[in-house]
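All remarks here apply to the structure that follows.
Every chain is named by a letter (A, B and C) in the order it is written, and numbering of its residues begins at 1.
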Amino acid sequence: MASEAARAAEAILMVADEPVEPQLLAQLLEVSPVRVDELCEELAAAYEAEDRGFVLVRVAGGWRFQSHPDLAPYVERFVLDGQPARMSPAALETLAIVAYKQPVSRAQVAVIRGVNADAVMRTLCQRGYVEEVGRDPGPGQAVLYGTSRMFLERLGVDSLADLPPLGDFVPGPEVVEALERGLGADET
Amino acid sequence: MASEAARAAEAILMVADEPVEPQLLAQLLEVSPVRVDELCEELAAAYEAEDRGFVLVRVAGGWRFQSHPDLAPYVERFVLDGQPARMSPAALETLAIVAYKQPVSRAQVAVIRGVNADAVMRTLCQRGYVEEVGRDPGPGQAVLYGTSRMFLERLGVDSLADLPPLGDFVPGPEVVEALERGLGADET
Amino acid sequence: MRVAPGNSVCGDGGSPAGILRGVSYAVQTDVYEGPVDLLLHLILKDEVDLYEISLSRIVDGFLAYLDAAVAALDLELTTEFLVIAATLVDLKARRLLPGPVDVEVDEELALFEQRDLLLARLIEAKTFRDAGGALEVLAQAASRSLPRTAGLEERFLALAPDLLAGVTPADLHAAWLRVSSPAPPPPRVQLDHVAPVKVSVGEAVEDLVARLPGAGLVTFRFLTEGMVDRMEVIVRFLAVLELYKQGLIELGQAMTFGDLEVSWVGEPDSVFAGVDSYDG
């Protein structure tokens, strides 16, 4: 029978996007950091013994699940065949918002796009086009995102200043009309 | 000794960030989709038997790892902002109309609810549970809405066919009688 | 309790009751449970026969809503409410006013039709409300598990196709313009000139109790003189029905579509007993 702490560690590590530090796990599981390392080592040994396709390893100061090195050929095929090869319009729009409005939080991106942007932002971060650049000083301390060096390189520009300026935007007649209507409607 | 295909499935599912369809897994593992489902069911049963803190489930048309529901208290403490806000009764009722009547226009939803449905529909679209799925071929070409893949994920079901049948919710004779009595229809 | 427990999956969380208390709107302006919901709640929860008192409560509840949400007054909602209120007033009036002798068969049929339509809508509304409750149960259960979303490990990222291949700065700019151009605002009806209706059925009853004794035979038209708002007239009509039910007034109608005549028959110092039924 697995211990509650070991099961809780498995659950947390399964949903974590980044390696989880033993100190944080210790706090969540209410055991000592030393005990956390013991538990994780026991789990890792069990997966090994059961010949699982994943491993639990200590990287970058924390614990995380990852695919077993033996199975890299399958994962590579998954990366090549199972992932989109082109940027979707939704992803490109999100990237444009980050590029032009940075630093920007995920919530702000969602407001501009009108739909939840979490999944797309995660993909853009993972691909290295977008990265964390700071924290909002206000309440909640939302993570702020900006575009990366790699983004500029892949797009073939030297700096953000080389992107087409926002000032080029001239609203069409229907937009002007809509704006006027909007202003009129607020008159009392 | 675990089979190579089962191990490869575990490895791929560990690096996937959304449910992986059996067809794709079948192609990568070079087995049939039916065999994929069997393998995944065997894995899920093994995790269950080993009392793991994670589960392998079929959601929104694919397989994915997720944390065991028992361990929600730990995971919630770890993922502070992860809990989706609860939906209002109005949003739930509207979502039910879209889920069971799709594809459906906003006007059709409004007729059933007896009130303008624009605000609620906009919220549901923003949350990503409802999306445009086409246009009414008739005059006016009203936008038609349906539930999204995210809706299935949020509800933890594999497909729309797994929702309880609408017939389950049609009020029984005693309720209909009460309604008739309320409208004074049982007289005369 | 007439409602079988199994038929109430959603549990009715109490929000429809808020309509009557006028409390829930401040936080739920976009989720107003419409007139159909309100009827459903009144009939199934309070178990009132609409013939008894609840129509006035519906009107009072709706007025309370309008009071609280004038800024966001919704024309469709108001129209919907008027249609339902008018149907109900019609239904009640038929049963209160003297015999069906001069009622056209066609009218009677139309009335049945309206009532059946209303019933069908109530059944439909109840069905989807309970279905929504079931979805919530599923969502709650599912929210206890979180999916793995960690994604690719670093060693595989280099393999992943470059999603920016072929994307130019101009494409990016075009994408920005797509999301940043404002969508035309939805058409809005100017309602600023519409004064909110302040009178409740209870107040209308009080007004009638003050005016009618000693006034002799008066017409309903007379009692609603100067009223420009249909809602006010409906409220006044409900007050008249209430007094009739209490046996304080007599109603008469000389001919079909003729003026409704009202005369006070209560004792001069009759204590009006119905005010408490307006509290919801």
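Assume a residue touches a chain if its C-beta (ideal position, glycine included) is under 8 Å from a C-beta of that chain, and two chains touch if they have at least 3 such contacts.
Only a predicted model underlies this, so the values are computations on that prediction, with no experimental measurement involved.
Q: Comparing chain centres built from Cα atoms against the global Cα centre, which chain wins on proximity?
A: B
Q: Measuring between Cα centroids, what's the chain most distant from chain C?
A: Centroid comparison gives A as the farthest chain from chain C.
Q: With contacts counted as defined, which of the two, A-C or B-C, has more C-beta pairs across the interface?
A: Counting C-beta pairs in contact, B-C comes out ahead.
Q: Taking the mean of the CA coordinates per chain, how far is chain A from chain B in Å?
A: About 23 Å separates the centre of chain A from that of chain B.
Q: Counting in whole Å, what is the centre-to-centre distance of chain A and chain C, each centre being its mean C-alpha position?
A: 44
Q: What's the distance between the Cα centroids of chain B and chain C, rounded to whole Å?
A: The answer is 31 Å.
Q: What are the residues of chain C that contact at least two other chains?
A: 146-153, 156
Q: Out of chain B, which residues touch more than one other chain, so two or more?
A: 14-18, 54, 65-68, 70, 75, 79, 82 - these are the residues of chain B that touch more than one other chain.
Q: What residues on chain C touch chain B, complex-wise?
A: 2-4, 6-7, 9-10, 13, 15, 28, 30-37, 39-40, 42-44, 47-51, 74, 76-77, 80, 84, 91-92, 95, 115-116, 118-119, 121-136, 138-139, 141-153, 156, 186
Q: Please give the residue numbers of chain A that touch chain B in the complex, ascending.
A: By the definition above, chain A touches chain B via 1-2, 6-12, 14-16, 20, 24, 28-29, 46, 50-54, 65-68, 70-71, 74-75, 77-78, 81-82, 110, 114-116, 119, 122-123, 126.
Q: Which residues of chain A touch chain C in the complex?
A: 14-18, 64-67, 72, 75-76, 79-80, 83-87, 89, 91-93, 95-97, 99-100, 112-113, 122-123, 126-129, 151, 154-157, 162-164, 166, 168-169, 171-172, 174-175, 177-179, 181-182, 185, 188
Q: Once bound in the complex, which stretches of chain C touch chain A?
A: Touching chain A: residues 146-153, 155-157, 159-173, 175-185, 188, 190, 192 of chain C.
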